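As written, the chain order gives the labels A, B, C, D, E and F, with residue 1 at the start of each chain.
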Amino acid sequence: MRPSKRAPDEMRKVTLERGVARYAEGSCLVRFGETHVFCTASLEDRAPGWLRGQGRGWVTAEYSMLPRATAERTRREVNAGKPSGRTQEIQRLIGRSLRAVIDLPALGERQISIDCDVLQADGGTRTAAITGAWVALHDCIAWMRARSIINTHPLKDHVAAVSCGVVQGAPVLDLDYAEDSTAETDANFVLTGSGGIVEVQGTAEGKPFSDEELLELLRLARVGANGLVALQKQAVGQ
Amino acid sequence: MRPSKRAPDEMRKVTLERGVARYAEGSCLVRFGETHVFCTASLEDRAPGWLRGQGRGWVTAEYSMLPRATAERTRREVNAGKPSGRTQEIQRLIGRSLRAVIDLPALGERQISIDCDVLQADGGTRTAAITGAWVALHDCIAWMRARSIINTHPLKDHVAAVSCGVVQGAPVLDLDYAEDSTAETDANFVLTGSGGIVEVQGTAEGKPFSDEELLELLRLARVGANGLVALQKQAVGQ
Amino acid sequence: MRPSKRAPDEMRKVTLERGVARYAEGSCLVRFGETHVFCTASLEDRAPGWLRGQGRGWVTAEYSMLPRATAERTRREVNAGKPSGRTQEIQRLIGRSLRAVIDLPALGERQISIDCDVLQADGGTRTAAITGAWVALHDCIAWMRARSIINTHPLKDHVAAVSCGVVQGAPVLDLDYAEDSTAETDANFVLTGSGGIVEVQGTAEGKPFSDEELLELLRLARVGANGLVALQKQAVGQ
Amino acid sequence: MRPSKRAPDEMRKVTLERGVARYAEGSCLVRFGETHVFCTASLEDRAPGWLRGQGRGWVTAEYSMLPRATAERTRREVNAGKPSGRTQEIQRLIGRSLRAVIDLPALGERQISIDCDVLQADGGTRTAAITGAWVALHDCIAWMRARSIINTHPLKDHVAAVSCGVVQGAPVLDLDYAEDSTAETDANFVLTGSGGIVEVQGTAEGKPFSDEELLELLRLARVGANGLVALQKQAVGQ
Amino acid sequence: MRPSKRAPDEMRKVTLERGVARYAEGSCLVRFGETHVFCTASLEDRAPGWLRGQGRGWVTAEYSMLPRATAERTRREVNAGKPSGRTQEIQRLIGRSLRAVIDLPALGERQISIDCDVLQADGGTRTAAITGAWVALHDCIAWMRARSIINTHPLKDHVAAVSCGVVQGAPVLDLDYAEDSTAETDANFVLTGSGGIVEVQGTAEGKPFSDEELLELLRLARVGANGLVALQKQAVGQ
Amino acid sequence: MRPSKRAPDEMRKVTLERGVARYAEGSCLVRFGETHVFCTASLEDRAPGWLRGQGRGWVTAEYSMLPRATAERTRREVNAGKPSGRTQEIQRLIGRSLRAVIDLPALGERQISIDCDVLQADGGTRTAAITGAWVALHDCIAWMRARSIINTHPLKDHVAAVSCGVVQGAPVLDLDYAEDSTAETDANFVLTGSGGIVEVQGTAEGKPFSDEELLELLRLARVGANGLVALQKQAVGQ
């Protein structure tokens, strides 16, 4: 039995609330149970320096946690002078995941910056962030289309992410913090609406895992991602 | 006429929402119109190093803005490697303001860290932060009292803050961004529930101001602060 | 009785020594009693990047203390990797104070950098710095006029600063370190030659202060600032 | 046909040269074709601060590239003031991989620091680093056992890593730089001697990949890792 | 003919003014012509951490230039986040030079920090700094002896420094900035009162120099250093 | 008798291995006994920013030690956020030494970056680095000439470096770590093939040294440098 009484393939309650940031071109407050991430998409009317003159745009992401998102207060990274290794891994992952479903040349020489700020953390912040960031990105693009900044549809597919893991010997979907901190294996999957794999990151926290476990975690991830994509569609009114 | 149609001595709509952070000992989402600040109070069971062994506690504060709290996205300070001068000024002000109404020896050798994260900024973020931080601090102390960590009442008074300014020649209360960016004089006042002045910071942005203008701004500030203290009382159920 | 035997409205002995830096366009060694600040003004023949093409100039300031300006040696900020919050507050204040009395468009697209380095500190370093910086700025502008770099008079007024405070219940002018470290209220005032207020910063160190106390501190500040402006006039030979 | 004429499941020539660092407790120069990584293991006779008093040891890793390991010179990270996100990801991966096969309590309160410095880079530096680091770690432990610092066998298994990818539609093993820079999918696998999976990191660089592709990459990884483990055994004389 | 009309073996006018810093245990304002360095010695009643428990003291030095010490304003190093390579070289040199003439065990477990802040720079700042620092150190030790903190004479000898160089083919003593910036060879010598060499640093700025030139520069340095030591003796009243 | 049984004027075994870095335009692994330095020369087709438009090129150098080059592991400087003072001194010295023998205008507006990474350190790393760097620089220039990037011979002379010192009262050549750590005087000499002195850096570690000792160390340095230049000639096939 999971601490949250969920079935092995049951997600936490997920909500996607759009338009939470008055000034951003797109925004979404995503909740995976008690994990809450505030996502905004900001359009900048020029590409980053290293990309200038190539006729393409870029999507990048930054990630941060409020100090008291967690059970114990964590120190602000600005006071350490630099983002931690964990933060950098996560923001690179979010950026890669979104770029996998967007047509960068169709953006023109512009950049969309996604900011994912964790207001509350109960496990799975990076997967919630990716799932919510897609909605913010979608709305930013709708904003651009409404103003005829672009006339194409650069967003080619949905992208959503879930964590799965082996907890006390059993593969389960969408780990909360209680499960995450005791899991033997922890894996994050980023999947597209059409079922392609964008990213798999599986790590043995305790003992190494087998091919069969990896496949079962992938199966659970598909269950979760399908549900998330359905919620994204509902949120953006498709 | 003010851009927001308010009377010269009229605050924006203010709300104080308690208990917004699941893990913090105290928390408050404060809204001064479209300015929204997420405040948490975190109890740490020991005093900062430089205060050890003196039988006193400490209250400190940190302040940050989400990158897209503003009309234009602003760069995260972690990427500059350090908090800006403005951020440091504000967090020092918040800390001083709260310490003015708390009995530090009564806290024992403990520290309460206040985090003020601006989700949305339309002027007056520092004054909203101080006003909301008091509620978070109040609830943190109630949490400590409920658990018999302390048995005294270290919080001696309310503290609230407002900005006032001279805009197009007229003194007005609680500037929003449209007013703040064109004010000739900008002043922040931190006042206690019993009417004492904790901090006055008045700056001539354009031409210098007179004693009479300073006094009129102080009068407006008292109007605003009285209203804020009333809302604090209502919020914490006094 | 004050530790220095001064009357409540009596400044320390103030001297303004011009031309102390061989290479600077303007310079002044200002002494408020045992507080000594070495001020230089450096002309740079272009505006800062963010101001280019706007037909205006800029005045900025930096502040630092020699490690052994104080009773105990303090660590150099370069070894901490960044200016402290206190340093940033002070240098922002000096810059704002000087910009309040200068006609920036009349400077043309140039920047004047004011450096205030505290050789010895006995309280009131920021107010001494502002007072001496005005002289250095004045001489820098005279230097420019002598070379026909500008032909107008961009310096519109004097600016001078003093600290006042409530010490052992009594309002006093121009606190030295012994008073500053025990004051119940500490306030800095930046005033122009024509009597306008550029900046008021009053802080309750102990218990909150009243309107009456604020007004009395302001009155003392006017006494002090008038004397400082008279010394500035004498120093620059008006 | 691969640029290097290798069969799809063919590794580059791999060599493991032990004892390359005179002072280190263990060392290995690992070559995967033209990728050369200099690995050392350094024993420190106390655990890191956050682990003190828990009766366990730790294995950590750092990774760096010489500036001219690559076709174009890259800037030293020390001059940027911090390790890049990529460097941090890699050194965290190396550390996790080694900790998966070592019995930390059996180390006692000691730390082994693994340094992986890339002398030459032609793709696959992180996988070569893990593979060579295992040899350095093995020899460090042998050094400890020879001096009776420990009497147990804390190294429970081999660990080795390979990259696989989909290049021009075909799954291939052990990508060199020419393949890596054009791969549609890039995946790194860390596997143990007994066949368990320690880490899977698969990323779609171009279009998303399918379950079948993931499985084929895993199969190739097993071919490669088996070969690497055989070479490790030969190198350490088992 | 030298720009300053000096003879080849003629120093600039040198003055050593003691007691310039009210709070420091020792201080000296040294002037080599238009090069002015403000030196203080600060006693700290414990040795640096890495030296604790060894029964010895330490002398260390820091060096900095005010931004407008030079003809063009230079950026403060605190804004670059770290001391420059040049600054670090100089402060290491000053520290080594002073430690060469002090009996560290006789200091007890204490540290003396020498701060050398250049108020005005016209070449030879490091040599002036060493020469003035010796006076500050001397007075710090006298201060300690006067208070019976130590009863021995830890200062074993004088130390003074001069720069020499080959300018337009001619070896000259004590280069000012005009000479320093065009010298073919630049050499700094640190010599003791009894004639020993503490440090020689000779650098060919243009073409390499010969043994004969090195010897002639050393001869000039002895002329200069003898004069400086005589001035030190006069300054401290020996 | 020296710890290594060498005669006072005997170098350690020196080897210069060219072509060790596949991608660099020039490279050399230099060994002075157990001190091993990996040197590369990287051509960049433009001058550094501060030199643009002056028709000259530049040669610069960077220096680093692998963490376990030494008997005890040393912390990576990237984790301290900046190069140490020692590192900066050494890389400035290497750069100056190479620039002394190269015709910078003949390079055109290009930069050659020399990287010296110490794989193993047994004393004398900076002198080995300079000696090996000359070979890497030579080969980089040969590479440029072979491709007709330049047609002149910008390398005007050889440059090589050795350390000498007074150990237990006796002047000796080419100190290893055992000698270096106990030397009373330590001196580094950088000499050209034609016998000119590029740099002399002599430091009294214990008691000051005399003119006679300096001359004897210079004599030994010439013995060593002549041998090193002969090896350089042999290595590059002159």
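In this section, contacts are C-beta pairs under 8 Å (C-beta built on N, C-alpha and C of every residue); 3 or more make two chains touch, one makes a residue touch a chain.
None of these values were measured; they are calculated from a predicted model.
Least step count on the touch graph, chain E to chain F: 1. Of all chains, the one whose Cα centroid sits at the greatest distance from that of chain B is F.
Put simply, chain A has to spin 180° for its C-alpha atoms to lie on chain D, with the angle rounded to a multiple of 5.
Each chain gets a centre from the mean of its Cα atoms; for chain B and chain F, those two points are 59 Å apart.
If you average the Cα atoms of chain B and of chain D, the two centres end up 51 Å apart.
Across the assembly, chain E contributes residues 81-83 that each touch 2 or more other chains. Judged by the touch criterion defined above, the protein chains form a single closed ring in which each chain touches exactly two others.
Touching chains close into a ring; read starting at chain A and passing to chain B, it gives A, B, C, E, F, D. For chain C in complex with chain B, the residues that touch the partner chain are 81-83, 85, 88-89, 91-92, 96, 100, 187, 191-192, 194-204, 207-211, 214-215, 218. Taken in their complex, chain B has these residues touching chain A: 21-24, 27, 34, 38, 40, 42, 44, 62, 64, 66-71, 73, 76-79, 81-83, 113, 115, 117, 119-120, 122.
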